[in-house]
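Letters A, B, C, D and E mark the chains as written, and numbering starts fresh at 1 in each.
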Amino acid sequence: GGSGTSGSTNSGGTANVKVGLITKTDTNPYFVKLREAAKAEAAKKGADLIALAGKFDGDNEGQVTAIENLVSQGVKGILITPNSSTGILSAIKQARDAGVVVIALDTATDPANAVDATFATDNKQAGVFQGKWVKGTLGSKTPKLLMLDGTPGGTVDDFRHNGFLEGMGIAAGSSEIAGMENTNGDQTKAQTAMENLLQRVPDANAVYTINEPAAAGGFQAISAAGKTKQITMASIDGSCTGVQNVKAGKIGATVMQFPAKMAQLGVDAVVKFAQDGTKPSGFNDTGAQLITDQPVTGLDSKDTAWGLQNCWG
Amino acid sequence: MTTTTTDSISPAPPRSHRDWTWVARQPLVGPLAALILAVIVFSIGSPRFLTPYNLSLIGQQSIVIGILAVAQTIVILTAGIDLSIGAIAVLGTIVMAKTVESAGGVGALLIALVVCVAIGAVNGSLVSFLRLPPFIVTLGTFTAVAAASQLYAGSATYPVTSPLLTFFGQDFGVGAWRTTLGVGVLVIVYIVCFYVLRQTAGGQHVYAVGGNPTAARFTGIKINRTLLMVYIMTGVIAMIAAWAALGRIPNADPNAYQTANLDTITAVVIGGTSLFGGRGSVVGTLIGTLIVGVLRNGLTLIGVDNLYQNIATGVLVILAVAFDQIARRRTQ
Amino acid sequence: MTTTTTDSISPAPPRSHRDWTWVARQPLVGPLAALILAVIVFSIGSPRFLTPYNLSLIGQQSIVIGILAVAQTIVILTAGIDLSIGAIAVLGTIVMAKTVESAGGVGALLIALVVCVAIGAVNGSLVSFLRLPPFIVTLGTFTAVAAASQLYAGSATYPVTSPLLTFFGQDFGVGAWRTTLGVGVLVIVYIVCFYVLRQTAGGQHVYAVGGNPTAARFTGIKINRTLLMVYIMTGVIAMIAAWAALGRIPNADPNAYQTANLDTITAVVIGGTSLFGGRGSVVGTLIGTLIVGVLRNGLTLIGVDNLYQNIATGVLVILAVAFDQIARRRTQ
Amino acid sequence: MTNLETVVLEAHNLVKRYGSVTAINGAEFELRAGEVLAVIGDNGAGKSSLIKALSGALVPDSGEIKMDGETVRFKTTLDARHRGIETVYQDLAVIPALDIASNVFLGREVRKKGFMGTVLRQLDKPHMRSESMRHLSDLKIGVKSATQAVETLSGGQRQGVAVVRSAAFGKRVIIMDEPTAALGVKESGMVMDLIRQIRERGLPVILISHDMPHVFEVADRIHVHRLGKRAAVVDPKVRSMAEVVALMTGALEPTEEERGGGA
Amino acid sequence: MTNLETVVLEAHNLVKRYGSVTAINGAEFELRAGEVLAVIGDNGAGKSSLIKALSGALVPDSGEIKMDGETVRFKTTLDARHRGIETVYQDLAVIPALDIASNVFLGREVRKKGFMGTVLRQLDKPHMRSESMRHLSDLKIGVKSATQAVETLSGGQRQGVAVVRSAAFGKRVIIMDEPTAALGVKESGMVMDLIRQIRERGLPVILISHDMPHVFEVADRIHVHRLGKRAAVVDPKVRSMAEVVALMTGALEPTEEERGGGA
């Protein structure tokens, strides 16, 4: 949709560079960290950052609206953690046609060249790390896996879920998956889900979690049922709370991502574009790091001390 | 048209007094004043706000919620509520996107229409024949339809390229004043529903069923048929919204429009329609939709962050409604 | 207690007939029957369902929503609705968690109480003195409070270790029948509110204000004070829910309980309370809460997949309400 | 007692229970062509319940209703209306937020002529308004404009709207449940006149009223309801007001003939 | 005209407009100690609006209300009630879902004695129930049980509940807006008796009614309301029923004295 072109090029030379940031939601701690880092970087570089967000994961309409309004507002560049879909591509195209540089953060668009550049984590790879660690820790035991998923249909959720199964070497739909529940990444829902799952599958030995709050909820249920010894659980995110939980033994391992790094790189790129017209390009992996105090041989990992220094939130 | 019989009360208070109260007693003065005030404030706050391009943007951003809010208004006028309407529209987009290859554009639209109407008819049957509370019924269909969308879409999203399905994304207009056909659809849906509610017997029955169900029954109105028709109409409007949505975002996504229900109810309530049924109008709902759209756009233009935008929108919406109440109370 | 005057209609239909309708006319027969039916079905479907441990789990999973649903019931009885109640409870947990170090356990509880009551009082003032629609008011405070929680928490979560704050997580019971103190709190909140609604003047006024506001005003009931008290009470109950929530999950998280509003309203409506005010009871709400909890737990135990669970829950909730309607209609 | 006059509407052994309250307890009923039949009785005697059963507003638990000798089952008021029975209910059946004209024409709206009406189904509001005002001023009920919402009317004006509706549209039987209860002296007088006019048009009227002078003014026969059933049908030319009141309260026993349904 | 009797409640030049409708148009009003004052007038004359202003149910746009010679401003019905004014409104002020006892005692519930009552504020439901039943049977209004919800009562039974409430609690003035409109012959008679009893207790009563025989039966003076204001106050011993009706409709001009508020 959308129509017309706007005179969005910044006419005033005295004004600060305006940078727009659009996250999927503005409540998820991960995106909050990203926003805070971007704010800090913008302040350092003398730019104005306007932070917008969808109302929920998958809110294409909200993200399109945000892009349109930012272009109308006259920003130089937009940093966006795009929703699952190709749905926002035409809005991105219009923004770029209007002379705005668009950078994808955290999640790549499909196709990747719909934006000028991407600073992101490979969520699938992060899932693979989590899966490999769980498999390595289980050793020869046959996995009896419970999965605390996020939201059905979320891209990140799918990448992590599928990556995990790949790392475990389990096919989707295999009988080794003893149960799956959606938690929306919410601790309360995760706890209820795990309580009920453990009633059904009392002899489960492995747990996948979509993020660290879900892992915290899962742990609560597992420890109440007295099954902490029996079950190996891992997660993804790398928040400081999460790393603390790894250190305390509540979560076996977590895979750290680096939202602050993405945000800094993104803001820098827009400011540079405003100064000399250089556009960023390509896919820039900001990495994923397995954090655990129980390393598995053959799998690169850092301990929680390192994790606590590099965590976010 | 009006006859004053000699026995009625003398209708002659001083003119000046009457003129003022007449204005303030109109149900939509409050929301309208709030909308105008917001426009003035943002025009001062940002030179870009009143540009044709930006106004067109606000219109485009209001299309989907605006269309769905019409259906929500009609349901609420019958003292009901529809929590499933957003989910029906989402399923509509997915059905269109998935069937267009095999069935063609027209076929896809027809299949989507059938699906949306069928769900509306299920809601309507449960509400009318079984007399179940609309809140529970539509919450139930919401859950079921949302899950069905996920299953049917296999949790994937579907880009849409069919020119017919994305037709409403096309531009039209004169000179700098251009907008998309979707905005035109929005306007037409409002006009049609306004006409139906005000100028046809069916519309009067909607008000009657919501205003006093016992009386409606006693006067021989077919309550069940009226309710059933209302929910079927909701299905039709949801299908139109789905079509317009693909014009705006040519991509069918089972996770889209999750807050549509709350958003439409908010627009309806801001527009002065009573949640208890029997009182209100689609014009109010249009104003309500625009108030929310203008706030979202204007606050971004003057550079307010999302988190603060939320707070500001909440507070401003309360103020808009308060304004209305106070204006009306002064005349009671 | 009841006197039959000689002039009243002869009250002597055949006994057998009367006994049956008497039962079916009780407002809670439907939900109760649905609950019992669900319990029976799941007991057959899974041998673990009826174990003391599993029943205790269902109770624990119902604590927070169950407590909040009491407050929601009272608000809905006044023909209102509270969309902010979940957000208030979440802010309560964060306030407790963040102030406990400096203010101590008791201090943290008091500060949280003040905060929750203050927000309730804001809702109550806007609804009563300005006569704003509760839907809009509480939607506004919901947005504002949710944003405030995010800002105050700095979007981090706070583990809680204070024994006082996590007190309700403690076990109690006899033999295999053990559960947490939180379940006890849930029961007490229900008993107290039941008593207040049925046995005190304030409770009668809640029904009066919701059932016929004009009549309530004419009979001299202080409508504003009643409404204000109801929303303040909502704040108090939200604070208790927050405390109980920390007992269940010793971690304050600004993102928790996002669906609490919808969940509480669902429990209230399943329990037979009318969204139009004036009719209903907290007992129904308790049954409604348990129905949802039993379905969620039971469907997982018998191994139904998540998406299908959602569909099943939606359908079963509709069936529970339909059952109620049909039972009552047979006697009309 | 057999009678030779045509019976338009009759009911036998009607029963309606609400839980433990029996509102109609084996009631008999008989309305003859062209007559004004008054139904009187104490509060709670079951008069409203009886006429609700006769007009389809409630479905009796058992018993039989016949129209023109043929058994009918009214499931809704619409069924009764299709047979030409129009009713003014005691719990005023008006829609507060709609205007007077819409209320009068509710359920039988008039559409415009031509394209707008047949294809676009547009209502002929001007026509409905002027008709409503005409009927109201026939009853000398003063309202300012037919576009006024009914909720802004006084109690009596509202009652007038309900009376106008049934009187204007009844084809076979008109039932009025306390139509003058809220009306002023003049307006009540007009309603009595209206009832006489209806009788002159040949339509029978069932009138529930607590106002004995009114009842004796217009009624051809009086149906006395007591404890949920018909206690007697009396002739106002034979019985005095005091006797009828005594019958109503049970202080006086009806004659065998009266008990059986009158002459 | 000056008079020597004490005036309990009076109003001067009251005005109340609803948009373009003027419901009270400069009305005068005067109620004397111990009298039964009937207020009569056509439908829509503004009688209910007037007594709503006197009882705090609506706030007039202008004008003055005095009680015992002292200017009062009633913002809510509670203000009036605190002064001992109790009212039966025409739009029945009952709560459908609550039972009879709760309705009768609404707003002045009786609590149990002792700990349960003072600390736990428990209502004394048995007491309220038996009291309500006693009052209702005083009016010969038959209801089965005080625990019955008001919405299940017949029109007249409901009216009885509203009358009982005001009669039982009025301390200074009792206002009744068409209290017998839905009542049967016997029940109306009991309400008339009740009004006489209240007068015997020394309390003044304002009675709005369209029933002229009733009005002439109990009224000491008759306030005739027309076109939103007081047209006359007449003495029922001086004027006949026909004359009063003529005054009401404007067919007859009042005397100067009557126009000024009577003797």
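Note that a residue touches a chain if its C-beta (ideal position, glycine included) is under 8 Å from a C-beta of that chain, and two chains touch if they have at least 3 such contacts.
By chain, with names taken from UniProt: B, C = ABC transporter permease; D, E = Sugar ABC transporter ATP-binding protein.
The shown structure was predicted, so the numbers you read here are calculated from the model rather than taken from an experiment.
Q: Give me the chains shared as neighbours by chain B and chain E.
A: C, D
Q: For the chain pair with the highest number of C-beta contact pairs, give its two chain identifiers.
A: A-B
Q: So which chain is the furthest away from chain D, centre to centre on CA atoms?
A: Result for the farthest chain: A.
Q: Round to the nearest whole Å and give the separation of the Cα centres of chain C and chain D.
A: 46
Q: From the mean C-alpha coordinate of chain A to that of chain B, what's the distance rounded to whole Å?
A: The separation of the two C-alpha centroids amounts to 34 Å.
Q: Find the geometric centre of each of chain C and chain E from their Cα atoms only, then give the gap between the two centres in Å, rounded to an integer.
A: Chain C and chain E have C-alpha centres separated by 42 Å.
Q: Identify all positions of chain C at which a residue touches two or more other chains, and write them in rising order.
A: Those would be 7-9, 11, 146, 150, 307.
Q: Please list all residues of chain A that touch 2 or more other chains.
A: Within chain A, residues 26, 152 contact more than one other chain.
Q: Which chain E residues touch at least two other chains?
A: Residues 20-21, 42, 44-45, 91, 142-144.
Q: Considering only the defined contacts, which chain D positions touch chain B in the complex?
A: 57, 76-78, 81, 87, 89, 91-98, 102, 106-107, 109, 111, 120-123, 125-126, 129-130, 133, 136-137, 140, 142-147, 165
Q: Which part of chain B faces chain D closely enough to touch in the complex?
A: 1-9, 11, 195, 199-202, 204-205, 207-208, 211-212, 214-222, 278-279
Q: Which positions of chain A touch chain B when the two form their complex?
A: It is residues 1-6, 18, 26, 48, 50-53, 55-61, 64-66, 68-70, 72-74, 83-91, 151-154, 158 of chain A that touch chain B.
Q: Using the touch definition up top, name the residues of chain B that touch chain C in the complex.
A: 79, 81, 126, 130-133, 135-137, 139-144, 146-148, 150-151, 262, 265-266, 269-270, 275-276, 307-308, 310-311, 313-315, 317-318, 321-322, 325-326, 329
Q: Okay, in this complex, where on chain C does chain A touch?
A: Residues of chain C touching chain A: 46, 48, 54, 57, 60-61, 64, 146, 150, 154-157, 159, 245, 248-249, 251, 253-258, 296-297, 300-303, 305-307.
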